[in-house]
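Just below sit the structures, each encoded as structure tokens.
The following pair of complexes shares a single chain, chain A, combined with chain B in the former and chain C in the latter.
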Partner chain A sequence: MLRFVATCAALALPAATEAQTPSEIVVTALDRHVLPGYAALTEATGALAAAAEADCAAESLDLRSTYHTAFDAWMGVAHLTFGPAETDNRFFALAFWPDARGATPRGLSQLIANADPVVEDADAFATVSVASRGFYALEFLLYDDTVSAAGDPAYRCALVRAVTADIDLTAQTLRTDWEGEFAGLMRDAGTNDRFQSPEEALRLLFTSLDQGLEFTADLRLGRPLGSFDRPRPNLAEARRSGRSLQQVTLSLEALSELASILSAGQPELQAALAMAFDTALDRAAAVDDPVFAGVGDPLGRIRIEGLQVQVGDIRDITRADLGPALGVAAGFNALDGD
Partner chain B sequence: MIRKILTSTALATCMAAPALAEDATGVLNNYSDIAAATYEDSLIAAQRLKETIDAFVAAPTAEGLTAARAAWLAARVPYQQSEVFRFGNAIVDDWEGKVNAWPLDEGLIDYVDGAYGGPTDENMLAALNVIANPTFSVSGEDIDASMITPALLEETLHEADGVEANVATGYHAIEFLLWGQDLNGHGAGAGARPYTDFIQGDGCTGGNCDRRAEYLTAATDLLISDLEWMAAQWVEGGDARETLLADPDAGIVAMLTGMGSLSYGEQAGERMRLGLMLNDPEEEHDCFADNTHNSHYYVGAGIQNVYLGEYVRIDGSLVSGPALADLVAAADADLDTEMRTRLAETMRALGRIKSAAEAGFTYDMMLERGNEAGEALIMGGVNSLVSQTQSIERVVAALDLSSIEFEGSDSLDNPSAVFE
Partner chain C sequence: MRRRDLLAAIGAASLAPGLTWADARDPAYVSAARHPDGSYRLCGLDRGGAVLFDLPLPDRGHAAAAHPTRPEAVAFARRPGRFAIVLDCARGVEAARLTPPANRHFYGHGTFSSDGGILFTTENDLDTLDGRIGLWDAANRYARIGDIPSGGIGPHEMVRLPGSETLVVANGGIATHPDSGRTALNLATMRPNLAFLTPDGQVRDLAELDPALRQNSIRHLAVRRDGLVAAGMQWNGPKGEDPPLVLLCREGGDRDLLEADPAAHRSLQGYVGSVSFTRSGSRVAVTSPRGGVLQVFDVARRALSAVLREEDVCGLSPAGADGILVTTGRGISGVFAGDTLAAPVTSVWSWDNHVIAVG
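Here is the complex of A and B:
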């Protein structure tokens, strides 16, 4: 099934037997990957906010199901950390993770303990710490034993509605900015100051692919793996809602789609990348451990490490073959640094 | 089409290569001279810090503590300008954590306020308090800490249990011992540790004043020996310099990698945007001393130093020579102008943060939720750092160095390095 998904993504593209210009590649990526991704996101976040309005209880099936659908949709664009996602810190307002110092539970607990009236006004809520906003904060409100039961239920309800409305508003603004301005800057790269050449726009997409692979290998998989002597299952992403493995799978599917578009002018390379992503997705399917609880168990660990190695191999192909084929190298990314 | 571009670029590179190599060597030598001077200045300033600390510990007074704090603040000026040497040079990156690791769980070292909390999921040793506890266990092993020595700090305590927040050495450990926790939240004011925390015998506050003095002395000695080592790597014949000169193209990439990785992921992201987005005064780079505005400013200055090939030493003398700017100007004069402009804009933005902080609008206040002026100041710095990163990427492309990898030592090739 997973193999099928990646192969279909490759087939769905124009059968490009001729090399494409950087502009052509960028336009394809915008029309088939970036913009549809944001459209799907806003559809899902709209449904999420509506579900919270209808029933804000943490155990509401409808709310939980729209939470998962919206988080799934976010994973389609979570690797696009630049441009409108960087403006006003929107990326982090939707997705603040990892949270090495426990700012999300601490921030939410403070809001609840103080019954902070900031939840009553959307503009005011947008000034709240990003650790208390977005999908990861919502996960705590819906699934964390302590946070989901803290304080006054009426206040918690208002907070859930504020967080979901804020997610929807942020996602809508992202989409509007992409459609209204930023996609145009990328399409017209070479005629504006933000993108002085088509290669610059292409480099940004290539950097997103590279950074997305790094994020999944180093953080989504690397954090729970820890070291052999000190595995850290509690650091798995979104483990409270059982999404840790799902996050890896969805990120690989989105990155596979982008890689396929970027490599469309190089059929052999495109096939090699599709195969490498299929292998990773097969390995993910074989992990059978939705929250990486088994990182301390030798057999379970081997499977997760094998997946991490494969994601690293994809990144090697990307850097060694795809970058040179496109004539670009990955730029600096947010994970540079320590 | 792409193939065509690549071929023509390759041809252009072949023709330009010999001249570039010669120029690159001159640029790399000047870069190494600047690094050597910056680390030597850091060492000199640390030795001055040690003199004040020795005097203070021998006879603790309020004046003595003030003098030690002033020496620490002065020591940060050259050191922060050295951070631009980190990410491109593995020899610096592998070493840096010993002297400038941050953020830290300061409860590892000494007493903390009750609101600090205890051990966490992430760090079992977050509230260990070595100064109060001569024996304890780490990862199941019993530790004898009856003597607080440089070796104990460096080999046993630093990054104990594999947790990076267990920072036992370097500037920020010393900063915590000189200032204590900043309990003012978003209000003005730094940490207010009383000088009596170091009084031996009657009058000692905070308990274990002897061990606290021992810790401060050991951490300062260690800082000096670490800086001595690094300064030696950059003089003629030193490893850091020789590594760069051995492959001039890779050397130029190392310079640009340091500039770009520090500008974007580290300074704009980790140190500025994150603290602002979390509204968290603990997410300040020099949080105990309330020196964050200077820390940011001198990081920016270090990046500009590398591009312009100039550094003003702590005695006021100027180190200068062939610059990266010269290479860029030869390849694309407009891009050189753009790069200079972006760097200057960053310094103006960081300068605004510094001047506002020095006038009383401190960095903690800027971080407070809903403080629009503070947000505008900090985002001004973030946005200009992000913009200058775009120009740095253009420089990499213009010098046709793009086949060489960015990033320092933390990579997929060794993912465990990131988490250990």
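Here is the complex of A and C:
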């Protein structure tokens, strides 16, 4: 049965006949969510780096298409900000957003203006500011009118190759660390120093779900929405490559999969979460505005706000029902607010 | 209150002989905590962070103030609480209980005058939502003797400049009323400041942030022996802006914002829960319980020098010359020296936001 379900679409509900132990939930999440997610990511980043080697031109259809595929794959694991993603700031090295102070275009423009030789060596490039690395930097190099045309084309080509190779290297390192060590520590939680109990490992997964929902509601949707008096369409995530709504949809799909696994021992809760995610995904499909350009238009805005409200509702269920059901209360001080 | 009475009160404490901190099993620190049975206590900790004693509190605490000489610790209720308990840490009993006037609540922090004669508490005036500083006579069973304006709205932590009676108040700028819980009532107009006050309420200096940072609520403070103040902020503006969260400031002097590289900075999640200098003053530490991260900065270089990831980390206090005692909501306490947590103690206690050095 489990094998059958695993081959179904992301939203399929794993069967649940009895409550699962924290340890069982963690193992399921690793085997069916985390590790497949990183495997898919490295496959896509490998293709991206190869495409840049073959043709580094910003207009290259192959490069652009592999960029989208790799970014899509990243969205499958972008909420897993703990463990190997924390080491050496790998998370931010792949995904530095939001960028309120414009560090990404500024950093890239400086590299280009100086024809900085740091692009010639992968180890050296890994020391460059995270703002000039990762998917969001690559988006500027491929799609931003200014950055994609700045300076010497040969240097820009080298920079595109350096950024894509660095994305691939970081993703491969993440996968290696997960498969080689961290997944094992989570599986054996309670018998090692890193995790004193299975609940501790489970809490990391729960927090990823909760913070992933918060990120999508407050940043992916909240930043472009701004306020009614001051909508901010230019703050939409990855708008240059037309991905803003896509990012929301993909994050909801990944979070829905994780929520389904975490709630598998609670059939009613699992069904409630599935319904809430379905509603959110339906609303996302109805937005029909790929870069949230319509946040200033009353009718367009109301659809995007409705989506944001629904993501907030999912988060309410997660915090009020799923967290207590799993026995993973949020931090005593983290919740304090003073 | 009249200046003459106030000055008479400061100085009175030294006339009262009695027990010292050595009589209280010599704790190095006190911290509020939650016990697994759900009760709230004030605990005395040794130098390594192990529990020496615990005393009951009526509800959740926040920070505490240690009397400079007498073995007394004042535990403050968590905002918007209305109790502060003076605990006799030698006898293990409640020595006095402070209740603010009817239209007031505490913000969770307080500090003593240099000789311990007066206790100062940060308070909210519920009629005006202006910040006030309550004054209590420590030589007379902590009788209320008056109050002064805090210099702003939402005063939170308060410290005293070493070698002076000048109070430094973090006016967080956020107006709240218990009727609406912790909801911020003035986000659109908030304007936090760092107020340098005389104990009789004169404003000696007022440090404000750049207008673009006015939604950065100044909450937590530490002060170095030479008067350098470090303030920790909490961002209430749009998410994703990630403004600087640490301010270095002197009365009447330069203001410097301290910030790690973008990735490390972002891990604070816009929220600083505690600030502490080392005793030597060469380093300053900040925690974010939301990010589960401790960052230590080299003060002279204004640069990040060490990072510790520890779930729900918050409490900070100086340890030895160059170390920092660190506590977490998950029961961990230990001294962070160099770049590791040496010999951490794991306990059943959920350590609350602040751990206070005594003696």
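Annotations for the structure displayed:
Everything below uses one rule, namely that the second predicted complex is superposed on the first by the 315 of 338 C-alpha atoms of A that agree within 3 Å, B and C clash if a C-alpha of one lies under 4 Å from a C-alpha of the other, contacts with A are read in each partner's own complex, and residues count from 1 in each chain.
In this section, a residue touches a chain if its C-beta (ideal position, glycine included) is under 8 Å from a C-beta of that chain, and two chains touch if they have at least 3 such contacts.
The structure displayed is predicted, hence computed values, not measured ones.
Once chain A of one complex is fitted onto chain A of the other, the partner contacts of A:Cys157 are absent, as it touches neither chain B nor chain C. In the superposition on chain A, A:Ala115 contacts neither chain B nor chain C. Of the two partner chains placed around the shared chain by superposition, neither chain B nor chain C is touched by A:Ala272.
Once chain A of one complex is fitted onto chain A of the other, the partner contacts of A:Asn234 are limited to chain B, with no touch recorded for chain C. In the superposition on chain A, A:Ala57 makes contact with neither chain B nor chain C.
By the touch criterion stated above, A:Pro22 is placed in contact with chain B alone, chain C being left untouched. After overlaying the two complexes on the shared chain, residue contacts for A:Leu185 are found with neither chain B nor chain C. Of the two partner chains placed by superposition, A:Ala39 touches none, neither chain B nor chain C. Taking chain B and chain C in turn and counting the residues of chain A each one touches, the greater count comes from B. When both complexes are overlaid on chain A, the residue A:Asn89 reaches chain B and chain C alike. With the contact threshold set out at the top, residues 86, 89, 92-93, 96, 100-101, 103, 129-131, 218, 222-223, 226, 235, 331-334, 336-338 of chain A are in contact with chain B in one structure and with chain C in the other. Across the interface of their complex, chain A is touched by residues 34, 62, 78-79, 108, 156, 182, 219, 238-242, 261-264, 266, 273, 289-290, 292, 309, 311-314, 328-330, 350-353 of chain C.
On the chain A side of its complex with chain C, the touching residues are 86, 89, 91-93, 96, 98, 100-101, 103, 129-131, 218-219, 222-223, 226, 235, 331-334, 336-338. Of all residues in chain B, only 1-3, 5-6, 9, 87, 97, 103, 120-122, 139, 161-162, 165, 260-266, 269-270, 273-274, 276-280, 282, 369-370, 386, 389-390, 392-394, 396-397, 402-408, 410, 412-413, 415-416, 418-420 touch chain A in the complex they form. Per the touch definition, chain A reaches chain B in the complex via residues 19-22, 86, 89, 92-93, 96, 100-103, 107, 124, 127-131, 196, 199-200, 203, 213-214, 217-218, 222-223, 225-227, 230, 234-235, 265, 308, 312, 315-316, 319, 323-338.
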